[in-house]
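See the structures that follow.
Presented sequentially are two complexes of subunit A, the first with subunit B as partner and the second with subunit C.
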Partner chain A sequence: MTTETAPAETRAGRERRRLDEGTIRNLGLVAVLVILVIIGIITRPELYSDPTWVRNNFLTILQQASAIGVVTVGMTFVIIGGGIDLSVGAIIALAAVWCTTVATQSFGAVGMIFTALAVGLGVGLVNGVLIAYGRLVPFIATLAMLVAARGLAAQISGKQTQISESSVINGIATTKIVGIPLLVIILAAVVAAGWVLLNRTTFGRRSVAVGGNPEAARLAGINVKRQTLLLYMLSGLCCGIAAIMLTSQATSAQAAMANLYELDAIAAAIIGGTLLSGGRGTIVGALFGVLVFSTITNLFAINNLSTEVQNMVKGGIIVAAVLVQQFRYQSLTQLFKR
Partner chain B sequence: MSSLSRRRVLFGGAAVGAGALLTACTSNDTGTPAQVNQNSGDANAAPGDKVVIGFTAPAADHGWIAAITNNAKAQAQQYSDVELKVTEAGSDAAAQRAALATMIAEKPTIIVMLPHDGKELNSAAEEAMRAGIPVVNLDRAFPSRDAYRLQIKGDNFGMGLAAGSYIGEQLKAKGVSNPIIGEIPGIDSLELTQERSDGFNTALAVYGFKVANRRPADFTIDGGQKAATDLLQALPKMDALWNHDDDQGVGVLAAIKQANRSEFFMVGGAGAKSAIDAITADDTVLKATVTYSPSMASSAISLARLIAQGKGMSDLVELQVPKEITLASETITKENAAQYAKLGF
Partner chain C sequence: MTAPDQQKEQEHPVVLRLTDVVKVFPGVRALDGVQLEVRAGEVHCLLGQNGAGKSTLIKVLAGVHHADAGEVTWLGEPFAPPTPQAAMRAGIATIYQELDLVDDLSVAENAFLGHEPSRAGFTRRRVTASRTKEILGRLGHGEISPRRMVHSLPAAAKQVVSMARALSHDARLIVMDEPSAVLAHDEVANLFRIIRELTSHGIAVIYISHRLDEIREIGDRVTVLKDGRTTAANLPARTTPTKELVGRMTGRSIEYVFPPREGSPGDNPLLVVENLTRSGEFAEVSLTVRPGEIVGVAGLVGSGRSELLETIFGARRPDSGSVTVEGKTIRGVGGAVRAGMGMAPEERKSQALLLDEPVYKNMTLASFAKFARVGFTNTGGERAAAMRTADQLELRPRDVIRPIRTLSGGNQQKVVVGRWLLGGTRLLLLDEPTRGVDVGARAELYQVIRDLAASGVGVLLVSSEVPEVLGLADRVLVMREGRLIHEAPAGELEEDTVLNLVMAGSLLEGEPA
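Now for the complex of A and B:
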């Protein structure tokens, strides 16, 4: 079935131009990554002269980006659909705590994975119902969920750290397949699935349409409410996956975990070219956004620089990315007229 | 529509089923033993006047703070003459100030308080003291001396000092001349973190050593895992590591295992049960931890009772409880771990 009623030619034309813009932006982010690596090589040549270390470092950067990368994919969909999900960190904490309770662990790894995914989906469902059918502003609904889900996580865990006894779950973080950590493979799979979902399915088209202009989307016959609901469930599902990954990495869970992941995920989506007002965004860009942050952290770590400076640099990059975004929508002449 | 409604019924049923299954999965009886003083042979233990203790500590999801409240409750239960009224202080200093105002109005015999921030709650504590209710200041210190009857706290600088001395001694004994030492602090913007790091650097300087790389975490397990992964990547070879907090240490140890590293030894901080167990088992790089024990909450309740009943500490000459007590940071190693096992939290 087709949902597009806009004039075919102009729409396709715009699509092509957008694609080009997206590619240019992604190349820009690749350039930033290359510059960061070059700075690393210049500042720590003795580390970079060891090929084994370089390979390990590359995989470490990817691994450090894996859980937050999965969350960012979900977040990108929500933002493209015109919403925002501030509760992702809290959902991760709740899903991770829920799947490491004594009772859940007695069901084994399958039970734990099922629980984490079901909790993620369930919380996403509540978010989606509140926003789509309860007509709450996404910012408020997910902010409330942020507080409530962390509260519930603290309640369930009794504010204690819950150790995961499952060797299967803990093994996810140590398993490597042909030298590539399983966590990185999961990230790649989620990114690939996200890319296909956004670019090659009606679900993706509808998400863009709903975020770009909900009224037009409704008139075009899209069930805007259901689409919105599904987007928040998708974000919740990504959080469930990330919860398993983080639990595996930390071999435990607690209510305070995944602190401020919402900010990292939103920031990565935005520097990846997702428009905060919705209707436009790319999965590959979001991935590069996450990798830029992960590489900066790595660069600061190998040079023993303080995290204060690192946070300032991160902030600067976010501002720069948004400025670039704005410049593209105003021609230079318009800018000078002001 | 009929097929749709059947689908809805199916989905609805599945959702309800999953929900029921999930609710069953929240049960979580990990009975953590509290740190209590059961010393009943003492004359001070004999029941005296009825004491109502108002207790307030920040609501936090961190294991240490949770242990503080649990310990206070468990210790109060040891006394037949103590009634403990716990008021959760909410999430910030303002909420705790409000909680304290309510508490003062209820006129308890004495207040035991772990403030969100000593400076911010100083005046509120002064108010309680002026209302004739003695205040026991737990851990985070009030700057004014008229804001508390008793201050009992841990020693952050001493903790760093203990960790630095242990690492220095070990490396000297091994004959390492130019060691590579890593450090994983907790939340770096906190004063307590700075004090711990100061103590650590001071102790290392005695041996002529210094920290090669320092990656702060945030007291969470996943934060510890991330910081440790970064640190291990930055230091391909390391001799010693101090992690400020055993709670985030669970993540730090996981990261070390994942990176397959074992050429160094690690010292923890706080004295969590999981850390003491690992030191006893001696199957990880964790060889010692320096205490910052939440047992101070149990002691605070015991001392609050004595203050309210006008009794002193029986081993001291003075007839009343002293005004300030700072716990020593002790070093737990494999040799003395058994002794500390009951103090783990």
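Now for the complex of A and C:
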């Protein structure tokens, strides 16, 4: 990073440096993951000596990361676009409760999936309209939605746990394809689709432009309002997918499910390198962020430790990640300042 | 030493001396041997192209950056302020181009920001106000109320508040970074009066400006920087020939010339604006632009020029009136862009650029969808097209992958203009295209604008520099207080005629900026 001859530097050299910025961060997160695994090996060597257990535990971590990972992809897009979505946990609860009502279940698995996705998209649409066209601050609009959607979910379910009778839905969590759980495959598919969407499509380019400098985007002829609306709908859609995944895992749904998912998703996106002020972020980083959190959870579980300590550690990691981000950003801007 | 020199030495001792100052950023030698000598009570002008190291230099003086090598002496002592606060306490105040005032605090609170008179942790509002009033009086602006909120002040008054802040620290040296850039013509005269007032009290001023006429009027001595080095020091500001100053800045001799006009405008109007009105901004504006024609709008800051341009572009909604391009009514920016309109807005950084993104993505911001196939972006095609445009615009460095924040102001402006070249734009709206652009890049931008017109693009140009409007445009519209008051071919107008038109009556209105 400290090349002495920037003006005369070749373009390839600079391109490499730009790549480095994201890659170094991801390598950092991989290092954190490795450290977490090493701590696991040190604290429970007897478990790690069994290869079958290691393999199953690895898949368990991925499986636990699957639903929150899908939500984080949507969240990353919203944050890159200069917004925030505090209502993701509530949308999941509402979508899951709505798709497991007796009436919806009578339409079978396809009806349930359709309902969950439609509810997610619909709530995202309301968020997006309020923010883009009603000019509400995203924080306030989605905070209101957080409260309202959970309220509606409690109303629909009558505060009861609704059992899913659909064997197809319940089977999603138990199905494995060539040894890989279907939930993990769904996560991989959403992450891959998110990566392509962000890096290879006009939708992604617009998202970055709208989050990076909304006025410049507007004056370049980009429809900022429509793009903002679409971003919240995308987040809602991801919540709908996550709702099906969680319902399948629990074979039931209730109004209190997916509690505090908004915080986990935001935290994962941030430690993955997404700038909270918008305009910059990566999907791969967000995925690593999710994996760090689910690996910590797993580490605490195999050591039979309390969730209280776990939450404190999570908080510390978020602070550390943002500190690192600020430091790196400053050194980068100074590098280019003359 | 001769007798007059000795006398000068006594009356105006050297307060600041920089010897071989070097500042290295990773990859860049931003300062590479700067010499500077500033005497008490003088206005020392710093001249240099964008990227010559002026900003870095003033940041070293302000304690934002720290010199890696060389000597800085301030009042005879070695000087290396660890923080901006330390530089302030030592008596060096800096007034940045983007004024660092807090909009929602009062004038007095801004003047004493960071060192509020207080007792046991409670601010002493009355003392603050009376001391601010005294300082403002010294600056000749006793009419500004210390209790007024800063956001309600016009730009010129904000600058006065910035200077009041400097004086509240008992500054012995005030560094002004392009102070006239935010001011209208008549306000510059007032600024100069304040500067003379300051220097008569023995305060030294380092004055940075791109405008040679200002340097001639207010400056005592000039130091020229180029590529982080001092190329000429202590030239007399009034008598040094322009050619020599420009030559020292560029290493080549370029005159401030406008390229020859080629081609002639078409007959049928491309843009027709009829009775366009936005209350409080401008009223009943009608104008036309033909293909290949450059129409210039001259007017002071606050005359409604920028608002007019943004309304024509669809970025603001008119109260009444219409904008049509080849008969198609424009409503909203999207429609304007589809109709072949493009705009380079006044505030480059906040209105036009994605600073962290590479040059090519900034260049294709308005056209990347056209490069894309079924929603998938074609970055290779974008890069190639951006590279061709970069060649056409003589972008420096000729590198479209570099983040745009690393480019100089002039080259950033070229990218903003280049954005619309890529989209096949037929009508270009330019708002202050050469603000903060150095002399060399300026000449190149003029060439680009002329080339565009020659290729049949209609150009509507707004500038507060009258010679620029007269030199570049075919037809000139004069705007005052939101109305077009005069229209004539550029060849039939003189600079002072336009200035008279523009400024008549402007003293009556004190519009907030």
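Odds and ends about this structure:
In this section, the second predicted complex is superposed on the first by the 311 of 338 C-alpha atoms of A that agree within 3 Å, B and C clash if a C-alpha of one lies under 4 Å from a C-alpha of the other, contacts with A are read in each partner's own complex, and residues count from 1 in each chain.
We take it that a residue touches a chain if its C-beta (ideal position, glycine included) is under 8 Å from a C-beta of that chain, and two chains touch if they have at least 3 such contacts.
Worth saying up front: this structure is predicted, and the values here are computed from it rather than measured.
The wider contact with subunit A, measured as residues touched, comes from B rather than the other of subunit B and subunit C.
With both structures placed on the common chain, the touch criterion links A:Thr201 to subunit C but leaves subunit B unconnected. Contacts of A:Leu47 after superposition on the shared chain: subunit B is touched, whereas subunit C is not. Once the two complexes are laid over each other on the shared chain, residue contacts for A:Leu276 go to neither subunit B nor subunit C. In the superposed model, A:Leu263 makes contact with neither subunit B nor subunit C. By the touch criterion defined above, A:Ala144 reaches neither subunit B nor subunit C. By the touch criterion defined above, A:Ile180 reaches neither subunit B nor subunit C. Remark: subunit C residues 25-28, 30, 51, 53, 55-56, 313, 315, 333-334, 336-338, 343, 345, 350-358, 361, 365-366, 368-369, 372, 375-377, 397, 399, 401-403, 405-406, 419 touch subunit A in the complex. The touching residues of subunit B, counted against subunit A in their complex, run 18-19, 21-22, 24-30, 32, 60-63, 65-66, 188, 212-216, 218-226, 229-231, 233-234, 236, 247, 250-251, 253-255, 257-258, 274. Contacts from subunit A toward subunit B in the complex involve residues 47, 50, 53, 56-57, 60, 63-64, 98-99, 101-104, 107, 111, 115, 118-119, 122, 150, 153-154, 156-163, 170, 173-174, 246, 249-259, 297-298, 301-304, 306-308. Considering their complex, residues 1-7, 9, 11, 14-15, 18, 200-205, 208-209, 212-213, 215-223, 279-280, 333-338 of subunit A touch subunit C.
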